[in-house]
Each structure stands twice: as C-alpha cells, then as structure tokens.
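Just below sit the structures, each encoded as structure tokens.
In what comes next, chain A is part of two complexes: it sits with chain B in the first one and with chain C in the second one.
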Partner chain A sequence: MDAIVVSHLTKMFSNLIAIDDLSLKIEKGKITGLIGADGAGKTTLIRLIVGMLAPKNGKISVLNLNPIEQKAELNQKIGYMPQKFGLYEDLTVLQNLELYADLKNVPHDFDKLLKFTQLERFQGRLAGALSGGMKQKLGLAVVLLSSPELLVLDEPSVGVDPISRRDLMQMVRDLISPQTTVLWSTAYLDEAHSFDTAIVLDKGKVIFQGKPTELAKTSQEFENKVIDLMGGYQKKVSKVAENYTCSNTNNVQYTVIAENLEKRYGDFYAVRNNSFYIKKGEIFGLLGPNGAGKSTSFKMMCGLARPTSGTAKIMGIDIVENPEKARSYLGYMAQKFSLYETITVEQNLEFFASVYGLHDNKLKKRLEEIIDIFNFKEIRNQDTSELPLGFKQKLSMACALIHNPPILFLDEPTSGVDVVTRREFWNHITSLAKKGATVLVTTHFMDEAEYCDRISLFYRGEAVAIGTPDELKQRVGAKNMEEAFVNLIEESDK
Partner chain B sequence: MKILRALIKKEFFQIIRDSSSIIVAFLLPLVCILIYMYGINMDSVHVTIGIKNDDNSPEIAQLVNSFSSSEYINSVCSNDIKDLENKILRSKLKGLLIIPNDFSKKLERGQSADLFIVTDGSEVNAANYIQNYTIQIANQWLSNSKYRATPYIVTPLHRCWYNQEMNGYFFILPGSIAVTMTMIGILLTALVIAREWERGTMESLLNTNVTRMQLILGKYIPYFILGMLSVIFNLIICIGIFNIPFRGNYIVLLFVSALFLFASLGIGFLVSSVLKSQFLASQIAIGVGFLPALLLSGLVFPIASMPKFFQHFTKLLPPRYYITFIESEFMAGTVWTIVFKTSVFLITIGSILFVAVYKNTDMRLSND
Partner chain C sequence: MIDRFKKIIALIKKEFLIIWKDPKSRGIIIALPIVQLILFANAITMEVKNIKVAVIDLDKTVESRELIAKFENSPQFEQVKRIDNIHQMQKLIDNQEIEMGLYIQNDFSTLIKSKTPTDILIITDGRQTNSAAIIAGYASQIIMSYSHEVSPTNGAVINIIPRHWYNPNLEYRWFILTIIVVMLAVIVTLLLTALSIAREREMGTFDQLIVSPLSSIDILIGKTIPPLCVAMVLSCFMSFAVTYCFGVPFVGSVFSFLIAMFISLMSMVGVGLYISSICSTQQQAVFGIIAFLMPAVLLSGFISPIEDMPKFLQYLTYANPIRFFMSLAREICLKGISTIDLFINSVPLIFISVVTLSLASWSFKQQKS
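And now, the complex of A and B:
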C-alpha cells in the first residue's frame, strides 16, 4: 500500500522550475527521509503533498485524496510541521496545545505528550521563550495531537543540538502507530540513514529512492554516497583562502582571549566564568546544546553585548574599552541571515566593502575579486531574498571576508545548508586558518566539530570541557564526536 | 463553533500579551484627545496683533483701548511701521491694524471710513480669526461711540447654533473617536493576518480543520470587541471627563459606531490578506485608511473647500459619513435622516469589503 503517489508532477515559480516531471511512491507505515541540496525542491514537494501549493502539471494522491480538491478531508488525516514549527510564540505551551487540539477537534488530553516531550514543567512558559530544542518538541507534540495517519516534517532539526535531535527521533518512533507514514525532510544524513527509505532530490527530480542501508552501511559512507549522487564533491584548492592575506601581523601570542566572561540577567547566568585563549591560525569551536550560552558569548566577544563582568581581547585590544578598534579586526557572520534582502548580491557586497572603508578604485577591484572568488557572477544582479539558503550563507561569508580580517567569528555558518555546500565551507575555513586566520566557530554538526583544532563544550552557561576533539573523545571513551558530546553533557548533569 | 471559539480565544491571548494593541486601543486615543484638547487650538486664542494709530482724536484712543482690554486678542501699539512689519516677519505678531489719520474725520462727516487690516496668510485659521475679531471689536466700539448714528454701519446679529460657545473641541473630540476607531480597524488589523504569514503560523492553521469563514470571523470578532471597548472608553473620556455635551442617543451612537467599525475592519483585513508582510501592510493601511480618515473626512478640512474631484472621492470614505453622524449626534441630537443614510452606506461598504476579504483570503500559499 502506498500512502503517497506522485506522478509526472511539475511546479514552476515564475520561470523557475522547482519540481520537474517528478514521480514517486511512498509506502504506508514507513519513515521516509527527504534529502537534497538547497533549492532542490524539498519544501516545494512537501507543500504540494500537503496541498499548500497547487501543481502546474501532474497528479498527486495522498491517502487516496486529492490534496487540492479534498484539502479539508486531508487535513483531518495529516499532521504537518512547517519549517518554522508554526507555533504561536506569544502563547504559552499549554495554550498552543489547547488551540491546536480545538482546531483539530481532539480532546484536551496532553499528559502523555507532555511527559514524552519533558515539557510538563514548562506548560506555563511562552513558546517564544523556549530553547530551539524544546520548541521543536512542542511543534511535534502539536502535530501528533490528532494521531495523524501521515506525519510530514519539514526540516524539524535545523539549528538543533545533537541531544535534542536524538530525543526528537525517539519521540517520533515511540508516539506513532505502526500504520503511520512519516515524511521527514532533513539536512542531517545520519538521521536519514536511520530511516526505512530515503529519497534524494536534485533540481526537482528524484535521483535516488531506496533503503539507505543498501546504499551504504555506515552513515559516514552514506553521506559520501549521497554526495556522489548529487554530482560529487571534489576538494579543490580554496580560492577564498588563496586570495586571502592575513592583514595584521601584529605580534600577539593569543589573537583572541576571553577572560572570565560573564553575562547575568537578574539571578540567571547566561554565561559564567568563560575563559579561553586562541592562537593565531587556530580553529576554535564552541559546541553545546541550544540555550547553553554560545551565542551570548559570541555577542560579548564582538562587542554587541556588554559583559556583566570580565572582558575579551581581540588582537590584544580590549573589546569593552575600545570596541571599534577591536571590531576592525573581525569578520563576523551572524547566526541569522543579516544582509539586506531587498537589494542585489553585488549591492550587498558593495555596501559592506564601503562600510569597511574601501572606496573608488580599491572598492571596485575588491568587488570584482570577491565576485570571482565566490563564483557570484551569475547571481550578482539577483535580489538577495530570492537566493537559496546555501547561497545566502556564502554571501554572508563573502561580506565577512571582504576586508581581509585576521580573525573570523562564524556563528552556525552551516545551519540549514546542504552537505556539499557544508564541505565547501569547511574547505574554505580550514584553508583560511592555514594562511593565518584565527577562527571562532559554533556548529550543531558534530562531524564538523572534528575540523576544529580545539573545542570548548558549553553547557548551562559554563564551559564543561576544553580540548582537542581527540582529547574530548578519549576522556569519555567515545568513538565519535556526537557520542562524546552526549556523554560529556550527561556526565556534567550528574 | 468550537474552532471559532478557540481562534477567538487565541486572538485575545495575543492581544493581551502584545502591549501594542492595548496601546493603540486605549492609550493612543487618550493621547489624541489630549493633543486635540491642548495642542491643536483652532480657536487661536491669545494671538497678538500690532496697532499703528495715525489718528490722534480721543475717540480713536478708545478704540485702541478696547483692543487692549479684549480677552480674545492681545495688541501692541507702535508708530514704527518698519518695526511692526519686522515683528510680523518673525511671527511675533500675527496681524496688523492700521488706523489712517483721517479715520475719525471721515466718520465725523458721516462718510464710511477704512480700517486697514493686515494678516499673516501663511496661517489661514489665525488670519480669519484676526480679521473677524478686529471687525467685531471695531463695530462694537462704533456702536458705543458718538458716531453710532452713521447709517452705513450694519451690525449683524450673530448666533451660533448647536455650539453656542464656538468651542472647537466640542466637535473635534467626537471626531477623534472616528480617527482612533480607524486606527484600530485599519492599522491594528492590517498587521494581524500578515503577522501569521510572516511567522509561519498560517501554514500550520491552514492544515487544521479551520474553514475560511472561521478563519476570517476568528479575526473580525476579537478586533470588533476591542474596537467597541475602545469606543466606550473614548465616550467616557469625552463625556465624563471633558464634559462634552451629548444631545443624542447612546444606543444609536453605539449602533452606528459598530457599523463603522465593521467597515473599517474590512479595509484593514483586505489590506493584510493581500499583502503578506507586516511592514508593507502597515504602510499601505496608513496610506489608504488612516490619512484619508484624518484629512479627507471633513474632520480637519471642510469638504466643501476641497477640489471637486476629492469632494466626490470623499463619498467613498466611511469616516466621512461617520464623522458627520457623530458630530450631529453630539451637537444636535439624533437626526434620523443622517442616521439612516450613514447606516445604509456603512452596511453596504462593510459587506462589500467582507466579501472581498473572504475572496482574497488564501487557503494555500500563493503561486509565485
């Protein structure tokens, strides 16, 4: 039995083909993973399946219903969690549950769900005040309320830490009945590897459908195979690094220093006693669950938030005393996309170049250089808002590098980016470090953590472990970083 | 019903938690009223004019005197015309009265005599005011002076109906109710549907059992209630605190206000169901809803003095009808022809807008 049958489906956005003559069948009672590069058409396919978009050509049958004409009937049988979770952030956890229970016409019986999601203690808290991991659990609880026959999850684990991801996976497996079909789009290939079926999309077409374990035994191999399917990734010499000159050769022993950084909100310590010393050319990773204080530390390090006590030094300059001077050494890439969406790629680059003090011929020269290095030629006149996430992140990185800063701060640079683009990114980052750039980076991808020279594991506002990836793994006898992460967090919980 | 109740409940939780809607509904009217009361004074009390008197007869001295003893106008006397002109330029004086040296002679001979009044045309209200008061004071003086037999003078008997004291805020304040209701109806609601699209909650809502009608009523009803509470709050302030005389009927007032709110909500929701960004929705809402309510409704500028095209255009604006209604309701009491005309118009336009909102509310993502 098939839960979803799609045949010769085509969907266009103005002149862009998003779904290209796509056909597939999804088996009932199975968990199916949907994988693909940014802009491959995952979200569009999902929206077509749940009837949020109307197709141009082709047929879709979902649970034997037409998602456009029989939308109301379909709604009673599916649970759909969109990318932003669809929660009312200004309502409490309980109010969200009550609202969606009424809208789905099911009784207010939340005990089991609240217990499973460990949200019992937070019933009265505003959904907006929850950490990313908890929001995601609440989002899932909301769609599971009506015990749907088909569960559709659009990238539920973007920007979520490994522990929360594990919990989520467990929740889904425990709470659904054997007859429930799950369609789960994800950027994490280890997740996809554990599903019954995997579908790989590329440019609006299915390029693979089958058992993940048949493609590869381990999730690492699976990742490589998927990359091959998507056209392969050849490690090239990083053009970005080749054109990079570490502009400041100031002789300081440690280019980035945090000294007892602390941020307190009332009685609550968002960050407590955070100290580290980073050498020139080092890649220093900040890892930790959502809400551990990584972003707060980041903001204090680059002078966007004032520390309650302690300070940070960039190239020996105190960030509290002389923030402008210290910041001039920094290239900063924020967690949320923070470029101007309504202007073109080139205009963004031009703006950031001029903010960093480049003018006239120098600016023009550097602009062409950057456009060439990052391969922006084809998209230089495109509006930034139209770009897929991977390109936006690339543009953010280009803007951060435009003035050749000796130090790079990257806050979740690869969040929501597909696996090929992630590899490209890390090729740039490691190559830049080799040329003398100091890099401070956060990530939720544990395989990426392996690229770091040293890691500080953050939990509840404090660094619970600092060391090289190997040191951390040895300390808890873990075979990979993900296991090390989970074990170290559990250890500090005791 | 259960779904609708849940939607309304949700909307109220959001209203209560989001202080901005409370501010728009209750604090903003208060600020508006205070500004209308004390900030904008259309009666231009205490303007100062300059007087240059070239006629030295004692009778004329009395005329000058009656200016300085007037409680409506202040005056400064000087013989230096350059100095007076200068003061007008620097806005120290809003007008100038020149009494020519043959003024009393002409009157004595029984001829008509001229007073020369200069006003600052850049402030039309003040200019009219000065002109009227100066003539009034001069006439008053004349009727008490020895020249009163002069046959050329006609003293008009002037009585102002409905607002005997000619207090501007007697009609401005009730009119401001219309403005604040437009704020709630258009500005606040323009944001709420756009907000659901922006935050991604709409995508979730549309995958539940909600029907289109429930979705729309779930927005109309809470903001209708909020708007009516704001109307009552406004009335209490106007009548209870500022003692604006109310000669009409409260039930009629609330009934027509409800219809007006219904029409305003329609404009707001139409804007936000077409535009899915909060920023754009609020900008457009101000442009198509709020500014016309303020500028083209006859509240601030009389409709009769607008260009013909705009005069016709105002006939499409709900605030125009409502303001006429509310002013007459306050000042003159219930005038049934006005109530009827206003109600018919508001019901018609409100229903058209409701249908338009219904048609334009997408139940799925748009196609481009």
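And now, the complex of A and C:
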C-alpha cells in the first residue's frame, strides 16, 4: 500500500522549474525522510502534496485522494507542520492547544501530549515566550492532536538544539500509530539516516530513493554519500579567506573578552557569570539548548543588549563605554536573515560597505571584489527577497565581511542551510581564522562544533563546560560531540 | 567628520530606495494624496445644496404661491413638492425623502393683508443636526426677504449685510482643501516614519544597524531626512494642485509657506519616529498612529473651534502639533501671515520636534539595554 503516489509531476514558478517530471511512491506506515539542497524543491513538493499548490502537469494521489479537488476531505486526515508553524504567540500553550483542538473538532485531552512535550510546567506561558525548541514541540503537538493518517513535517528541527531534536523524534515515534505515514523533510542527515526510507531531491528530480542503511552504514558515511549524490563537494581554497586581510591594529592578547557577563530580568538570571577570553585567530563556539542564554550572551557581546553587570571587550574596547568604536571591529551575522529584502544584492552590499566607512573609489573596488569572491555576478541586480535561503546566508556573510573586520560574530550562520553549503561555509570560517580572524559562533549542528577551537557549553544561563571539543568529549567519555552535549547537560541537571 | 557625513548619506540613500521600492509606501506617497484630494474636494462639503422640500399650503392664495415660488427659484432648493396633510409630511421626513417641510396656515394671506404678524412653520430633520440648522437658516432668509417685500413700511428695518473676509462667498471648499493638504501631509509623514523603524525591527535589520558603527544620532538623522523630503515635496505639490485646480487663493508668501511647512512637518516626523521607536511591529505602529491622530485631529480646531472647548482642553491643544500646523497653513493660504505670527505659531512646533526627536533617539539607546 502506498500513502502517496506522484507521477510525472511538474511545477513551475514563472520561468523557474521547481519540480521537474517527478515520480515517486511513499509507502504507508513508514517514516520517509526528504533531503536535498536549498532550492531542490522540497518545500514545493510538500506543498503540492498537502494541496496548497496546484501542479502544472502530472498527478498526485494522497491517501487515494486528489489534494486539490478533495482538499477538505484530505485535511481531516493529514497533519501538516510548515517551516514556520502558525502558533498564536499571544496565547498561552494551553490556549493554543484548546484553539486548535476546537478547530479540528477533537476533545480537550492534552495530558499525554503535554507530558510527552514536557510542556506541562509551561501550560500557562505565552507561546511567544517559549524557546525555539519548545515552540517546535508545541507545534508538533498541535499537529498530532487529531491523530492524522499522514504526518507531513517541513524541516521541524531547524534552529532546534540536539536535545529538543531528540525529543521531537521521540514524540513522533511514540505518538503515531503503526499505520501512520510520515513525510519528514530535514537538513540533518543523521535524522534522515534513522528513517525507514530516504528520498534525495536535486533540481526538482528524485536522485535517490531507498533505505538509508543500504546507502551507508553510519550516518557520517551517509552524509558523504548524499553529498556525492548531490554533485559532490570539493574542498577548495577559500577565496573569501584569500582576499581577507585582518585589519588588526591593536596589539591585544585577547581580542574578545567577556568578564562576568550577567543579564537579569527581575529575579530571573538569563545569563550569569559568563566569562571567556578569545585569542586572535581562534574559533570559539557557544553551544547549548534553546533558551539557555546563548543568544542573550551573544547580544550583550555585540552591544544589542546591555549587561546587568560585567563587561564585554572587543579589541580591548569596552562595548558599553565606546560602542561605536568597538562595533567598527565587528562583522555580525544575525540568526535570522536580516538584510533589506526589498532592495537588490548590490544595494545591500553598498549600503553596509558605506556604513562601515568605505566610500567612493574604495567602495567601488571593494564591491566588485566581494561580488567576485562570492560569485554574486548573476544575482547582483536581483531583489534579495527572491533569493534561496543558502544565497541569503552567503549574502549575510558577505555583508559581515565587507569591511574586513578582525572579529566575526556569527549567530547560527548555517541554520536551515543544506549540507553542501554548510561545508562551504565552514571552509570559509576555518580559513578566515587561519588568517587571523577571531570568530565567535553559535550552532546547533554538533558536527560543526568539531571545527571550533574551543567551546563553551551553556545551560540555564551558565557556562557548564569550557574546553576544546576533545576535552569535552573526554570529560564524559563520549565518542562524538552530540553525545558529549547530551551527557554534559544531563550531568549538570543532577 | 566627512566620514560620518558620508555614512549618513548612505543611510538616507538606502531609506529613499526602500520607500520607493516598496509598493505599499509608494501607494502611501502617490495614490493616497491624489485620491483623497479628489474625494474631499468633491464629496465632503458642509454646504447644503439640492434641498428637497414638501409644502402644505392651506392658504392657496397669490401670497402663499409667491412665497413658494421664492423657494423654487432659490439655488439651494431643488424640488418643492405639494402635499395635503401633516401625516404625509411625517412619512416623507421619516423616509428622508425630503429635508424640510413648510406649513402655511389658511389665514396666511388674510393676516398679511391686514398687516398682522403671522407664522410659518418650518420642519427640518433634526437627526442631521448640522444640515437642519443650515437649511433652517436658508429658509428664514427667504421668508425674511419675502416679508420685506410684502410690508416694506414695517418700521425701521435693519438689514444685515454679512461680508466673509478671506473667503467672501464662504466657499466651503477653500476651508476644507487647506485642511486636507495639512491632513494628508500629516498622515503621509506619520505613516512613513512610524512604519520605517517598526518594519526594520520586524525584519531584524534594525539590529544590524545598531551593531554597525552608526550612532543613535546618525540613525535618527538618516531616518528623519527622507520622510521630511518626501512630505515637503508632496505638500508643495498638493498646495499647487489646490490653488491651480480647485481655485483656492494663495495669498501669503511662498517663502513663509515653505518655512511653516518645514517646521510643521519636522514636528510630525518627530511624533512618527517616537511612535515607531516604542513599537516592535508595524501593526503596533499603525495603532500608535491612530491613537495619536484621533484626539490630535479633534483638538486641532478642524472639527470644532478651539475657543469653544472647555478651558483645560484648550490648554491641551498647545501640545498638539496639528493645531499649529493647520492654523499656519490656513492663515498663509487664505490671509497671508506676518513674521511675528509665523514665529508665534512655530515656537511650539519646534519645541514639540525637539522633544519627540530626543525621545526617539533616547529609546534607540534603550533598545540596546
């Protein structure tokens, strides 16, 4: 029995082919992973399957129904969680559940769901005040309310920490019946490796469908195999780093310093006793579960939030006392894409370059240089909003690097980016560090944490461990960073 | 210094680009003024024209017909319907088929001939208070003039000859159009400024600006100049349209007009930026604009004269930039203004600008805490 049958499906957006003569079958009662590069057509395929888009050519049958013509009937049977799930941020956790239960016409019986999501304690909290991981769990709980026959999840684990990610996976496995079919799109290949089936999309076509374990035994091998399928990744000399000159004028021992940083809201400590000293050319990773205080620390470091006590120094300059000067050394890449979407790639670059003090001929020269380095030639006159996510992140990085800052602050730079682009990014980051850039980075990808020279693991507002990746692994006897992360968090919970 | 200047120029350039490339803000600066101008010029008027009247003429004599003919010949009254009884009239008024009823008693002509005072009943629709009063006014004028005709020797009669200075024919359009220019300038400026920072907050770009080496003052200047320029150009264009297309006179000097506009718009930019700086979403900013605009318009003297307000509300109007903006625009357009009056009206506006802009800049800094 197949839950989903797609044959010769084509979908175009103006002149762009998103889905190209695609055929596939998804078996009933199985968990199927959907993998692919940015712009490969994953989200489009999902939206076609749930009936939110109409195909140009071809047929789709979902649970023996036509998703467009029999949408109302189909809606009763599927649970769909889009990338950005529509939780009402101004309602509490419980009110959200009640609202969706009423909309789906199911009884208000949330005990099991609340227990599984570990949201019992937070029933009365506003959904907007939940951490990223908890929001996703609540979203999933809402989708699971009506016990759907088909569960469609579009990258539910983007921006979610390893522990919450495990919880999400566990929720799905425990709460569905054996007959439930799951279609799960993900950028995490270890997740995909644990599913019954994996589908790899590339340029709107299926390039692999089968058991992940047949392709590779371990998830690490699986990742390499998938990268090969997607056209392979050759580690090249980073052009970005080659053209980078660390404009380090001050001779300070530690380029980035946090000294007893503390942020208090009333009685609640979002961050306390946070100290670290980062040397020139070091990659320093901030890891931790969602809501542990990473982002708050990050914000205090770049002057977006004022610490309640303690100091942060950039190139020896206090960020609170002399913010303009301190920030001029800083290249900042925000968690969420935050460039001007309505203007073109070039206009964004030009704006940020001039804000950081490049003008006239210098500006023109640097613009051409950076457009060349990042390969923006073809998209330079395109509006930023039209770019795929991977390109947006590249543009954010280009804007952060445009003034050759000696220090880079990267807040989840690879969130939502495909595996090949992620490797490219880290190639740039490590090469930049070799040329003298100091990097402060946060990430939820534990394989990326291995690239860091040192890591500070954050939990409940405090750094519970600082050290090299190897040191941390040894401390708890873990074989990889993910295990080390989970063990260290559990250890400090005791 | 030059470096800083160039950074601000870059900010301003970006701001213009964003205003221009966003279809919403393009609509705000182009479509909104044109549509409003046409709408207000033609639809909203407090003059009452085309009044429909029903008459119960129990007298049915030459005198009563003469009086009715006066109504029929008046430009304000369109249609005079003859009916027989008061019930019919009630029905017509109830259904709003007529705006006024005229009741002439059966001894009307007899009394006139015998030189005895007589009464005529005018019935208006009190549900529309304003029009009712105006219609009653028109009707009394007609009846008065008829009264003079039939008894010119009625002792010493004082004839009132009103002269409406600066708007001799009491063209309601003159009044409304000068106000509309102000209102549009106010709304466009508020929308452009209040949405700008809130939008950047929503998109996350404001963090990006704050992390850059720009200071709060730089950001403030960058956010002030573009909407100010847009609003200045727009106000000049609208004033031009109002004088040339709708025939409103422009008596004052263009120079003082430009100064007044600049100062007034500056205060609106200040209010808009302050609203924007305390809002984190565009939705909140729109609510903020409404919360400011409603009372500010009520207290501006547009709807009811400030002199008629209770004392404490009169004092409150001193904090209302729209009040001074409106009186400046109206004075300069219809009357011309002395330098002293220009100065007196400008001082509160400058004060309001300084306060709101400082508050906005201060709250940028607060954002960082």
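As a convention for this text, the second predicted complex is superposed on the first by the 493 of 494 C-alpha atoms of A that agree within 3 Å, B and C clash if a C-alpha of one lies under 4 Å from a C-alpha of the other, contacts with A are read in each partner's own complex, and residues count from 1 in each chain.
Convention: a contact is a pair of C-beta atoms (placed from the backbone, for glycine too) under 8 Å apart; a residue touches a chain by one contact, two chains touch by 3 or more.
Please read all numbers here as calculations on a predicted model, not as lab measurements.
Aligning the two structures on chain A places chain B and chain C in clashing positions.
In the superposition on chain A, A:490 makes contact with neither chain B nor chain C.
When both complexes are overlaid on chain A, the residue A:69 reaches neither chain B nor chain C.
In the superposed model, A:221 makes contact with neither chain B nor chain C. In the superposition on chain A, contact is made by A:85 with chain B only, not with chain C.
Of the two partner chains, chain B is the only one touched by A:54; chain C is not.
Judged by the touch definition given at the top, the superposed model places A:338 against chain C, while chain B stays out of reach.
Within the superposed three-chain model, A:369 lies out of touch with both chain B and chain C [touch as defined at top]. Contact with chain C, but none with chain B, is seen for A:330 once the two complexes are overlaid on the shared chain. After superposition on chain A, the stretch of chain B whose C-alpha atoms clash with chain C is 331-339, while the remaining options among 97-105, 331-339 or 349-357 stay clear.
Judged by the document's definition of touching, no chain A residue lies at the interface with chain B and also at the interface with chain C.
For chain B in complex with chain A, the residues that touch the partner chain are 2-3, 5-7, 9-10, 13-14, 17-18, 199-201, 203-211, 363-365, 367-368.
Of all residues in chain C, those touching chain A in their complex are 3, 6-7, 9-11, 13-14, 17-18, 21-22, 203-205, 207-215, 367-369. Contact residues of chain A toward chain C in the complex are 302-306, 323-325, 327-328, 330, 332, 334, 336-343, 347, 350-352, 354-357, 359, 383.
The residues of chain A lying in touch with chain B in their complex are 13-14, 47, 50-54, 68, 71-72, 75-76, 78, 80-91, 95, 98-100, 102-105, 126, 142.
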